[in-house]
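These are the structures, in structure tokens.
Both of the next two complexes hold subunit A, though its partner changes from subunit B to subunit C.
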Partner chain A sequence: MMGRVLTAYGVEVTKALRQRFTALGPALVILAVLGALPVHPVARDGVSDYAFVAYVIPVALNSLGLLLLLVYCAGLVSGEVADGSIRQTLVRPILRHEYILAKLLLGMSYAVLLTLTAVITAWGIAYIFGEMRGVSFGGDLVFADNEMLATGALATLAGLAPQFAAVAFAIMVSTFTRNGATATGVTVGLWVLVDLVKYPLGMAPFVFTTYLEMPWQVFSNRCEAVDAYWQPMLYYCLACSGGTFLVCSLVAIVVFHRRNFPA
Partner chain B sequence: MAVCISLNKVSKCYGSAVAVSGLTLEAKRGEVLGLLGPNGAGKSTTLHMLCGLVRPTSGAISIFGKDLRSGFVAIASRMGVLVERPAFHDYLSVRRNLLIQARLARHSVNVERLLNLVGMARLSHAKVRSLSQGQRQRLGLAQAMLTEPELLILDEPTSGLDVESTEEVLRMLRRLADDAGVTIVFSSHLMHEVEVLCDRVAILNEGDLIACEKTDDLLSFDLTRVEVLVDGVEGASKRLKDQPWVSSVSIKGGRLHVTLKEPNTHQLIHYLVTAGYQISGVLPRRRTLKDYFLKVMNR
Partner chain C sequence: MIAAVLAIALGALAFDARELPGIEVTGVRPLSGKAITNYSHADLDGDGLTDILLDDAILFQRQGGYPAASRYALPDAGDAARLQAWNGDLYLWSESLLSRYRWHERGWERVVAYALPRPETDPLPAASGATGGRRQAFLHDFDGDGTPEVFSVTPEGVHVFARHGAGYNEAGLLNILPGRRITSDAVPRLWLPEARRLSFPVLKMACRLVMEGDGITVLLREAVDSETVRYGRTRYRWDGEQAVARGTETTQAVASYLHPCRLNDDGMLDLAGGCEKTSETTMLPLPVYETWASLDGGKTFHVRRSASIPGFRPRCAFVDFDGDGQADMITEETGLFEGGAREAMSRLLTLPEVGHTVRVFRQQDGGFARQPALRAVFVIRLESPAAAQGDMFSRYRAGKLVDVSGDFDGDGSRDLVVQDRIDRLSVHLVRDWIFRSTPDAVLSIDRAAQFAVADVNDDGRSDIVLHEEGKMSRVYFSREEGP
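The block that comes next holds the complex of A and B.
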């Protein structure tokens, strides 16, 4: 089975590399990071550089990046249903859940691509225009540069968990719908709705979107020389995101299994 | 011949609408089976169920002796499918589309040879979005034959093709069945195609199988309907109209078209010769699929 999933994933990557939207996402993320420079300039003062990274990455990833990710993933299945090309794939020796797993892998790869684009661009700018020698307070070095790098790396990794959940959520909606535009509308609409009602209904701790910015919050605190702890929020983030990812993936597979693809 | 496809009491319902109802049908290896029927008869749904795109509501489908559901991967690797109005990844080239399909099928492919076969060699690097409907259909045929399949499922394979290409495709399919023993199941609205290509014809109407016959049996001579080349056509016509064993007589193109109540051609010839007419030919009319189709549809 894994062989067929990886083959299908390879095919998905080949297709993705030839689609304009795939390149548009990272390009827009780079522009968003660059666009943040006037708002949050970087200077060689040992403070603004880390602060720039802490500011720009969540902004680039959790607003624009997330929207791009949702739009991209919402069209992965529904787009092929709409244009009919899915029928050429499903008559090949590949099972439907393997097709969905390949799509999930592609969506996750896109999330990694957007994240790495934002992180590398932000850190690159900070290193070029700033003076990254760690975070000091009152003349004392509180966090060395390698500690900040490690925190940034962990935030990057932890930040992928809710994004993977978002991928599974968008692909789940994509399996319900018949075209990319509807899938995108429903995905973004549901996302906004959940974000609006999660606090009034008291379900925020159980919704993975609550934890989107959490990983970078620790980094942000450390930029201000305030020690912050990963636990227990990181566990909540991983548990909620992991749970959402599993549930949405399973629903996507079950729904897709039951669908018919007539002319 | 071993059975290649077996449908056992297969039904498909969309809500309260019945697309296919209790269909039981077999196709033997190397056989060409045509599905005929008016729009909404259930032809495409049947083909879609055979290739796994549509799940039957009830019944069992087995292909190559394996249950379609549990043995799909093994079956699909030996099967080629052309769906009606085939869609491709429009942003990719013809060549890339075929390579992607071959990769999914885990089958090596000689793209140039395949494109040559369907007359598209010069379009190898063209984007699919630039292809005409006929070219897309040819590409659909190419990708159906990509894995050198033992079974071809074709939904309206000549749709959008010009007359010359249609004949070419029909000849190619017949060759595949005769020389390579490929089983072909296909649907069409065109009686001529079915007559030329099929070993057996199944006629569907409103989801039911209403007839399934060998094409050779259907296209035999009808000895009750004869054309007679005779001198004095007008006179012969008048005389024949009075005979109790004649149903109808008409003159078309200088020939007598006679419909007899019983297949007694010798009686007709004897009568005309005795009456002093000179007969230069008696041609029994060959039955057509259209005759048969209309007969079973009006039953």
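The block that comes next holds the complex of A and C.
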């Protein structure tokens, strides 16, 4: 099965590379990072510039980047349903759940692409034009450069978990709908709606969007020499994101299995 | 008057509620954790139990409480008289007479009176309140002979009166106070004609006097510029006639939000305080509260930063949490802005509660531990989302909902009390640095009531005092067992 999934994934990547939107996402993320420079200048002034990284990544990745990710993934299945190419795909020797798994892999790859674009651009600018010498406060070196690097790396990895959940969520919505615009609207609308009601209904700890910026919060706090801890947030983040990913993926597969695609 | 016993006993902790008119606890001193009260403790009836001395009355302790029948007026010596308890006697110093009273059975008996006019420039006692009022100290035993000397602080210096034979005579005027300086820098206006004024320069002198043993310490704050100050400490010894300087030490120029205090017993002048800064790592201009401490007169600093809300001041930043004689650092952090700007906005607009974290950094090895020895997390219900700026949020922002200064079980380790609902106080006992999120006692309170913590009956266990405008103060005395 994995062989067919990987083959399908390869085909999906080839298709994605031909689409303009695929390149638009990273380009917009880079622009967002560069656009933050006038607001938060970077300079070799003896002050470490981790604050720039902490400032710009949540903006580029968890606000704009998430929106791009949701829009991109919401169109992955519904787009092919809308233009009828899904029927052509399904006559090939690939099972429906393998098709959805390949789409999930593609969405996750896009999440990784956006994340790496934001992280590499932000760190690159900070390293080239600024200084990264650890976080000092009150004359003490609170966090050394390698500690901040490790924190940034862990934040990057942990931050992928809720993004993968977002991918599965968008693909699940995509399997419900018949065209990309509807899927995008429903996905983004649900995201906004859930974010509005999750706190009053007391379900915020169980919604993956709560944890989108949490890993970077640790990095951000450490930049400010504010005490910050991975536990128990990281466990909640991984558990909630993993659970959402599994549920949404299963629902997507079940729904996709039961759907007819008449001409 | 005495309310029915309200006992909410979970485990070994219980509280008895009593109404005590006139008692006020307005807060705690942020750098020491000591309660700010409008009363003093003294045992004036010699029964071994601590009584409460107010500006106008004495409350004798009877069977663990202060019933209305044990409240007596003080001897009449005029409103301007100062009063202080000393070795079981009550001293009253009116404008011309120093009187010593002793409680006998059901009344005051004047033991002795000395003709002792107060210096003309001795300021009148401040109005009754938590700042000292009539109870501002005027007795101190400098020479250690068991008989107190009388002192009076005036602009000229410290007058010391010592007992000689049958009376008190002036033994010396200690010229140890700093000189007065002109503080008014108003530029006279020449125009408009009706705005022309002759303004007289305002002279001001401010210092802190600390009397310990045979010594007097003068603590002076000197402004270096608009943002930095320097503190000078001069110690004097009273030799029976005059003050002999023992030495002067001056701190480094430090930020003006740092104040002199005693965080340990190493004899060095300590400095502590806090200030609010703005975060540079988020889209929203979020405040970060910095708690600063120096144990060596401003040469090195220990700083802890915590996410805060605008205008937030922790109720108490330094307290000897574990009873080892050294003050530990307390930081309080809000969870309102956790998870980034988007989550913060959602929470501000829709969530009627806030997560709050208290951390305790132990003082050890000449500094403060890098990692907190205690981390306590609470959820406080605000009644309405923070953006609505409700009453509960206002109290939260003013730092009135969390107190770490009390020791309710008397084990020497401080405990935590949190007003986590508008009508509820939760008491969390801390033992061996272990905090349990389940409260050890819960008190139902009126919605308008505000709480303070103090050991009112001096039994080694802190009590909770509730204030409500227009109502008598109610004290919840902590005790060991349930009813």
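Please note the rule applied: the second predicted complex is superposed on the first by the 258 of 263 C-alpha atoms of A that agree within 3 Å, B and C clash if a C-alpha of one lies under 4 Å from a C-alpha of the other, contacts with A are read in each partner's own complex, and residues count from 1 in each chain.
To be clear about the criterion, a contact is a pair of C-beta atoms (placed from the backbone, for glycine too) under 8 Å apart; a residue touches a chain by one contact, two chains touch by 3 or more.
Remember, predicted model here, so these are calculated numbers, not experimental data.
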Under the superposition described at the top, does placing subunit B and subunit C together on subunit A give a clash or a fit? fit
Quick one: classify A:P58 as touching subunit B (first), subunit C (second), both or neither. second
Using the superposition on chain A described above, determine whether A:Y211 touches subunit B (first), subunit C (second), both, or neither. second
Please indicate which partner A:R87 is in contact with in the superposed arrangement: first for subunit B, second for subunit C, both, or neither. first
In the superposed arrangement, does subunit B or subunit C reach more residues of subunit A? C
A:K198 contacts which: subunit B (first), subunit C (second), both, neither? second
Using the touch definition from the top, say if A:I128 reaches subunit B (first), subunit C (second), both or neither. neither
Shortest span in Å between Cα atoms of subunit B and of subunit C, once chain A is used as the common reference: 37
From the superposed pair, tell me which subunit A residues show up as contacts to subunit B and also as contacts to subunit C. none
Contacting residues of subunit A [partner subunit C, same complex]: 40, 50-51, 54-55, 58-59, 62-63, 137-140, 195-200, 204, 210-214, 216-217, 220-221, 223-227
So, in the complex, the side of subunit A touching subunit B is made of residues 4, 7-8, 10-11, 14-15, 18-19, 83-85, 87-95, 258, 260-263
Could you pull out which subunit B residues touch subunit A in their complex? 14, 44-45, 48, 51-55, 72-74, 76-77, 79, 81, 83-92, 96, 100-101, 103-106, 143, 155
Over in the complex, which subunit C residues touch subunit A? Could you list them? 279-283, 288, 292, 300-307, 331, 333, 338-343, 346-347, 350-352, 359, 372
